[in-house]
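Two complexes come next, and they have one chain in common, subunit A, joined by subunit B in the first and subunit C in the second.
Now for the complex of A and B:
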């Protein structure tokens, strides 16, 4: 079952072990978002099709450094909140800010890959830099955070397939940030694939739609 | 006879007393906005754009949940005579009314210390622009991915020539005996807006409310159809 629901629609009735993006009233579960409902195995969830990136602990995100202070760097993580990385996390030990200069590690505009470590007061998002935290690329794309979240949390084959078909070096963030490294042709191919994700709302058919763009031989077509 | 607004059971625009004006909603018309909608309700033409949730550092911001802000504005060309673009007392009041009508449907606790902006721009005005704005704004909020319990739909009922009528147009609004805009959250069985100009008896009020509720069900179907059209499976079509 994978039907389109809008806010206020009854998604299911009965008892479920877990549910997300729905609210319960009596025996019924109502959708809170425009999305696709998935019911099965005692689980119920509505996959959002639209909306901002809502950080969750453990999410792998890519952010742009917007501010560097002695004790922390602030990142734009394509959300309604900023992400913070403490200087200690970059140096991997407790540091004395008078002796260590964080701006030697990161600068404004740098792309940083990190994991959401903790969220305080519902809004302050603290990140832990990835082992390969410095993200270098030739192009940065933004896709709908709601769909990006679905693609990465559903064990979808889409990211690996795009890498395979384009041959480009790509890093995907759950927050919808995609960084591509490669020549212009590869970047254009990746853009085509991302356009499919952005423009199609039928999540079940996304994988096949992307394959279609590249044709049977994996080469880009103009269709 | 000349001054009558209902002749042989028909109103000035040919509708019966319980008939809605033609209603059309499009979703996602403004690419820069988080969510948007366009509504044509009779001669009303209104665009709604949602921006946010956005990080807010404003003094007095709610630390428990998002703050909903609403700006209702009539374009200078929306009326027959030029309208001063400066916000009027009426526009400020309607902005507040729209915000209060939408707020109960939203789950704002998910976005503490942020702001969600609702911009309502009336391009062409007829009677009932506040109701149309609420209907369109609710769809735009769903398009923006703001969590909500239910869509909100609004419609006005009133009394013209001693007859209860649904969805008043401009002339009926001005010359009628009373006007009562109502907004509903049908799933929750709640009324989020109820205003009234003029006078009605208790019986008329009850009958009017039932009439508005029946109309709200039809409006909800149109809202759902508009959202379904965008998100069903096809490509995004209405990008500006």
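Now for the complex of A and C:
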């Protein structure tokens, strides 16, 4: 059973083996977020459809460097908290900050791809830079972080399909940041696909909707 | 953790914005001289004498007007008082922190105040109950609940619509005591100052900048025109400068844009 819920809505009654994004009171489970409730197989969950990016360990994010200090760089990860990357992680070994200059590695405004390594006190998010941490591109787009998180963590075929249909080099961040490399035509095509994700209030049938935008021959249409 | 005050746009996004401007359109699909969709809902707060909710794209501002009674300032004993306060709520963006009003909120309040005052929108001489003793005090409280650039115009539109739709019970002096009148009256409105804001981004002049555009702009200019086409308030922002030609160009553009926006505002007020 799938249904759209808002915070405080009763999602289900009874006992479930596992549940997420809901709270239990008596025998009833209430939604904590605006989202789509999925009930079945002894499981209960609400997939968030709105709201900011909430970091989780293991998430692959793309952030903007907003501050560079001798020992760490601060990243805007499109969330309510900052991300930090220690200088050691960039140099891949322990460094003496008097001899190694982090500002030669990263600058303000750079896009960096990284994985959430640990979260301290619920607000200090430490990141591990990706192998190809420097993200280069021609355009940056933002989609709803809640939707992005679902799309990238549910083994969805959507990201790979968008890459395939547009032919653009794309890097997706779980935090809703999408960086595209390619000519103007490819960028426009990616934007069209992302607009479908952004405008669809529900995530049902999203894959087919995106394919529909590009038509049978894979070329973008105005439909 | 240091609180994040400003949005820092990535180098890639900045280049994307500038490339798009060079092609004559913005990253959100607008033309250089197009406003975002403007939606104004007057009388949104029941308990206020006047109110308005403005949505300018993702910039959302709610404004309430309350009418109180106060003592006039010694230098203007025959004039009512206008007090404008602005607050950018922490819910407005993930970058806004709770606390007392910062310099951005103070600047916002001052610019809106100046636009109302200098366009002579309200006839303050008619807001006197007893000269030198009691006058009406018009409180305009602006709350920014969604922040995506061009707060000046959004707040200004919210304030003028709230003032134009304000209705309050007059106080009548009866043998030295102030008695509440029986019927509500509107504020003595005599003009409508319309604010338009332009930004200069890499030598391109754009109207109604978004927050991203504001964070990469060189300079910003807000101009308020009255109904006779006179400039009555100007505010320059941003760290960079504007050339004389830029200012002259903006002044011309602002005049035509303010006429356009005036029609929208008058339409909202007439339907309120």
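Please note the rule applied: the second predicted complex is superposed on the first by the 223 of 223 C-alpha atoms of A that agree within 3 Å, B and C clash if a C-alpha of one lies under 4 Å from a C-alpha of the other, contacts with A are read in each partner's own complex, and residues count from 1 in each chain.
Keep in mind that, in the parts below, a residue touches a chain if its C-beta (ideal position, glycine included) is under 8 Å from a C-beta of that chain, and two chains touch if they have at least 3 such contacts.
Predicted model, so just to flag it, every value in this text is computed and none were measured.
J.: Mind checking subunit B and subunit C on superposed subunit A, clash or fit?
T.: Result for subunit B and subunit C: clash.
J.: Contact-wise, after the overlay, does A:64 reach subunit B, subunit C, both or neither (first, second, both, neither)?
T.: second
J.: Go through the superposed model and pick first if A:117 touches only subunit B, second if only subunit C, both, or neither.
T.: A:117 sits against neither subunit B nor subunit C.
J.: Considering only touches as defined above, state whether A:80 meets subunit B (first), subunit C (second), both or neither.
T.: both
J.: Mind working out whether A:136 is in touch with subunit B, subunit C, both or neither, as first, second, both or neither?
T.: In the superposition, A:136 contacts subunit C only.
J.: Touch test for A:146: subunit B only (first), subunit C only (second), both, or neither?
T.: First partner only, subunit B.
J.: Determine, under the contact definition given at the top, whether A:52 touches first (subunit B), second (subunit C), both, or neither.
T.: Both partners, subunit B and subunit C.
J.: After superposition on the shared chain, which partner residues are touched by A:88: those of subunit B (first), subunit C (second), both, or neither?
T.: neither
J.: Taking the superposition on A as described, I'd like to know which of subunit B and subunit C A:109 touches: first, second, both or neither.
T.: A:109 contacts subunit C only, not subunit B.
J.: Where does subunit B run into subunit C after the fit on chain A, at 7-15, 43-51 or 223-231?
T.: 43-51
J.: List the residues of subunit A that touch subunit B in one complex and subunit C in the other.
T.: The answer is residues 52, 80-82, 123 of subunit A.
J.: Under the definition above, what is the set of subunit B residues touching subunit A in their complex?
T.: 34-35, 52-55, 63, 105, 107, 110-114, 142-151, 185-187, 224, 227-228, 230-236
J.: Under the touch definition given earlier, write down the residues of subunit A that touch subunit B in their complex.
T.: 4, 6-8, 21, 23, 30, 32-34, 48-52, 54, 80-82, 121-123, 146, 198-202, 205
J.: Please give the residue numbers of subunit C that touch subunit A in the complex, ascending.
T.: Residue positions touching the partner: 1-2, 4, 7-16, 94.
J.: Sort out for me which residues of subunit A touch subunit C in the complex.
T.: 52, 64, 66-67, 74, 76, 79-82, 107-111, 123-124, 135-140, 179
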